[in-house]
Amino acid sequence: MKTHQAKRVEITIEAIMQSRLTDALSAAKVTGYTVLPVLGGSGRSGEWVRSGEIGRASGMVQVVCIIRPERLDGLLDAAFGVVDKHIGVVSIMDCDVVRAERF
Amino acid sequence: MKTHQAKRVEITIEAIMQSRLTDALSAAKVTGYTVLPVLGGSGRSGEWVRSGEIGRASGMVQVVCIIRPERLDGLLDAAFGVVDKHIGVVSIMDCDVVRAERF
Amino acid sequence: MKTHQAKRVEITIEAIMQSRLTDALSAAKVTGYTVLPVLGGSGRSGEWVRSGEIGRASGMVQVVCIIRPERLDGLLDAAFGVVDKHIGVVSIMDCDVVRAERF
Amino acid sequence: MDQILSLAANNLLSPIILSFVLGVAASLARSDLSVPEAAAKALSIYLLFAIGFKGGVSVAAHGVDAKLGLTLLVGIILSAGLPLIAFGLLQVMTGLSRLDAAAVAAHYGSISIVTFVAATSVLQSSGITYEGYMVAVAAAMEAPAILSALWLISRGGSERRMDSDLWREILLNGSIVLLVGAFFIGWITGEEGLSEISSFIVAPFKGVLCLFLLDMGLVAGRGLRSRSGVLKPGVLAFGLLMPVVGSSLGAVFGLLLGLSTGGVALLMVLSASASYIAVPAAMRVALPEANPSIYLTLSLGVTFPFNLTLGIPLYVAVASALTGA
Amino acid sequence: MDQILSLAANNLLSPIILSFVLGVAASLARSDLSVPEAAAKALSIYLLFAIGFKGGVSVAAHGVDAKLGLTLLVGIILSAGLPLIAFGLLQVMTGLSRLDAAAVAAHYGSISIVTFVAATSVLQSSGITYEGYMVAVAAAMEAPAILSALWLISRGGSERRMDSDLWREILLNGSIVLLVGAFFIGWITGEEGLSEISSFIVAPFKGVLCLFLLDMGLVAGRGLRSRSGVLKPGVLAFGLLMPVVGSSLGAVFGLLLGLSTGGVALLMVLSASASYIAVPAAMRVALPEANPSIYLTLSLGVTFPFNLTLGIPLYVAVASALTGA
Amino acid sequence: MDQILSLAANNLLSPIILSFVLGVAASLARSDLSVPEAAAKALSIYLLFAIGFKGGVSVAAHGVDAKLGLTLLVGIILSAGLPLIAFGLLQVMTGLSRLDAAAVAAHYGSISIVTFVAATSVLQSSGITYEGYMVAVAAAMEAPAILSALWLISRGGSERRMDSDLWREILLNGSIVLLVGAFFIGWITGEEGLSEISSFIVAPFKGVLCLFLLDMGLVAGRGLRSRSGVLKPGVLAFGLLMPVVGSSLGAVFGLLLGLSTGGVALLMVLSASASYIAVPAAMRVALPEANPSIYLTLSLGVTFPFNLTLGIPLYVAVASALTGA
């Protein structure tokens, strides 16, 4: 099958920041993403588990964007505008997609 | 540690199509996969959140397959037979695995 | 944006082994990871779905670690010490990260 | 007329309806109030189990009515027939494609069990009894409409083959199995069984229904907010007209069958209500090109609220008038 | 004094408190006992709905007290004012940065609805009545404290602008909407509405509260285990002193308003309690640099248990003494 | 004999058992009916809390029986000893490897708390009382069997060291902590505590048990469907024989202890039942090479249904006959 190169950006961020992140993505014309739940994790700000928290302040999610390589920088700028002061991680991978016109 | 090249295929698809997809994978002798829950997302068919839906028609899942490179095409053919008319995304990445005989 | 190369290790493992795995990671000074829930899967030990199980013995999780390339081997040694006898899969991908000093 | 108005006012100001309204208002105001998916599903399991069980107990108590079989048959005919009427109306009233029209039509032949549950709770408050087997009729009306819709599409040239998996999924979907299963458990164990668990399935029933409708309101409101663009005037009008058409047919058949006042009212409710669980799922598999925004918004955002607030008291009043109760 | 002791002992040995203690003990012992997140959220929805509804019914029954508006206003003043006092105390008693101190202060102006619920249940056991609108006062006290904290920070030079999204999130957060919505539903439907659903929202209430407090205990214990490092003596002392200061102010205002014994006690409880849901969420957005370990551990790990076990009986006893009941 | 048959028939046609049967049937028919994981866990928390609490209240009411300590000791002996018998039977009746046999054996020394709960509900329906501390005996019987199984393996040459983490996990697993904790809460608060929350933990108990067993049926049925291949005739026979052997031993010890009719019946039930939560978890950690399909299918797919449907009425009848009740 014919495939095309793309980038897969994975952003782990506080759940309460999710809508701010996706709003920023939309503003940068990134309209394709998938949000995954996160059970727990560990980082510079310590360890946490979902069942150890109460209420909306808690928890993280993972936002995954598949995007054409040339649009990566726009996405990262938008994302870091939101993620910067908050706890979270961003990683970027190469991937191949089939129906490139979608991205 | 000795590692071997493999492919990691990530298929985001409507939950109701999951069993049809995994049946197709099994028929193509792809018997290793992991299914992740999805909280929400956005694509050409608009934005949705899991909590905004009722019942079985709703929601998406992510099916992740790690597979030997030479078996990739068989997997993609099987997957696209199911995904084609339905909303969803497929992406392919390179990865390394340790116990290659498993895949 | 300036990015740096890193490795993304994805370990799918029985939920009951999660704390043993993350303890082993901490012992190997890997203190950054994210844990994702898994809905179901299939492998050499057969097919399973979360809703088909009762209690703690059941279920799997996915532990994702982003790490500097030079620390990969330490991580894999620690992980395989725990995963070896248990059902589960480990895959390794290349990725890029932005704030490299974090990893 | 006075009676209708007072019933409607009573209904509108009941905790059940107000909980629904609260849910709609909260999501239109973009509050983050939400009922966890698992909790909403647990509530619906409770409601289905309770309503099925009580139906079965009532059949055990009053014996099998000679009309049981006939009523089931009429239910199946209504479910299969209503989509044809709906399809015709949609062709006339809206600019929907044949595919979208057929998908919408399927929803209106099938039923909404929550509307049914809400109606039984109104009947019970008004002291009106009904045939216990109406629960079984509800179950029988879920699937036939799907067949009719697929037949409509295949007539239009594009053949649709239902795979056997889809058949099994429709006929054995969780709601039907639980409703019918609980019905048989209630039938087998009768009043004695009910007395063992009535402080679980009878006493708190209305309160649970409040929380469930709060969640329904949240979901309906969210759908309206994000998808109201699909509600062209013709489509909207259909969502309000079709329940009236459906319930009229239901009334006619209910009278022909000689059902009780409550039975006629419930057959009207079933005919008037539109599916938003089983049929959408089947449509995603069988007609993936049909636009889910249209049928979900219509069924859950327009027809469900209409039936819940105005429809049910109207149908009960009409049934009372027609049966001379 | 005797009365206080016996109330305290009674309170400490009630199933509610013991369930909380069980939760704390289980998580300190690192048991894997846990309440699923969805279940805990469902329990809190139940409690908010029930407490709001009953408050509304009580207002419907006793008419709108002339003091309703004034009490709401006092609640808002307390919520906005207490953070200033808290901030001052924190500056004196602890070495926290201005940022952390402001974040903590916001929590103590706002309220903990579970503490409120537990207090109503103690009042009810003791046969002490209270103004139904205290539920509305609780809702009104959630947000003003956040504003005060942000004002404190901006005075320190680092301007904070609340975006309008955050405003909406705070004012329309799910707990407030549900509490206030249920309050209005109760008010509208009155005793009649209550009688329809009382076997759901009244009879099992205390039992549900037990399970909810079990979960609160688990969460509080887990927080103490993993974050107790942040509890420097001064910080810990603040977490025990501030509720006493807050409740005293609450008592003064309650007496000035001429509230009933139960009303005074509840205003004391609201002033004494610290938020652990709405405010932490707002702080994560508005003051992400403030350390959540500090404010969560203080509010949930120190002040909540203190109020639940010793505070509530103390406040009730003081309110009784002051109002001469 | 007549009595046994009528008890069995009564039991088989109760809502509780029929709910379980519905679950099994639904999953064998591949319906998508399912109870969300969080809801199932919430139901089990409710059941453990309620059964523990009521046990404690009963001990508070009747005082500590002199036999309490002795019965606990007997429970521990049974739990440790039954795996040895089970292991011997498995070696004779099946072709399982030593490892798999030891893993299975551990399950049969330990207990199923749901079987225990179902048995208490049958006793209660039959008006048979039992010692409240049997709840504590159930808790004490969970873990010793695991030790025996590991000893069996180490005798076979392959040393197994339990890490201290696993110890803590077994002894402080959530179910035990909740059961024992609720037992103490019930004991401390006594009848007074019970009266506060009885409309939560007593009245709806049986109904909740129905829904929980519906889920158990779904899970057991799914296991049977996907894993029934492991059920070789010898293995299957073991799953039916072992409860009979276990319950006989339980009866002997119960009589020696001089327990009441209900107490003997419950000790039989505990001895006959097999774990499907705590022990499988421990086996995955300590004996990961043992095949979970075998022990889960046997314990949950064979022995649990057997005990629930035929075993419990049998054990109650035998206990009645033996104690001359």
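Residue numbering begins at 1 within each chain, and the chains themselves are lettered A, B, C, D, E and F in the order written.
We adopt the following convention: a residue touches a chain if its C-beta (ideal position, glycine included) is under 8 Å from a C-beta of that chain, and two chains touch if they have at least 3 such contacts.
Everything numeric in this text was worked out from a predicted model, so none of it was measured.
The minimum number of touch steps linking chain A to chain D comes to 2.
The copies chain E and chain F differ by a rotation of 120 degrees on their C-alpha atoms, rounded to the nearest 5.
Between chain B and chain D the centroid-to-centroid distance comes to 35 Å (mean Cα coordinates, whole Å).
One simple way to say how far apart two chains are is to compare their mean CA positions; for chain D and chain F this gives 41 Å. With each centre defined as the average position of its C-alpha atoms, the distance from chain A to chain F rounds to 46 Å. Multi-chain contact residues, meaning those touching two or more other chains, occur in chain B at positions 36-37, 56, 93-94.
In chain D, the residues touching two or more other chains are 32, 34-39, 42, 173-174, 199, 203-204. Applying the touch definition to every pair of chains gives A-B, A-C, A-E, B-C, B-D, C-F, D-E, D-F, E-F.
Against chain C, the residues of chain A that register as touching in their complex are 10, 12, 36-44, 60, 62, 73, 76-77, 80, 89-94. Residues 1, 3, 6, 8, 22, 26, 31-37, 61, 66, 93-98, 102 of chain C are the ones touching chain A in the complex. Residues 13-15, 18-19, 22, 25-26, 29-39, 42, 125, 199, 203-208, 210-211, 214 of chain F are the ones touching chain D in the complex. Within the complex formed with chain B, the chain D residues making contact are 34-37, 40, 165, 173-174, 216, 219, 222-223, 226-227, 276-278, 280-281, 283-285, 288-289, 292-293, 296, 300.
Residues of chain C that touch chain F in their complex: 14, 16-17, 19-20, 46-47, 49-58, 85-87.
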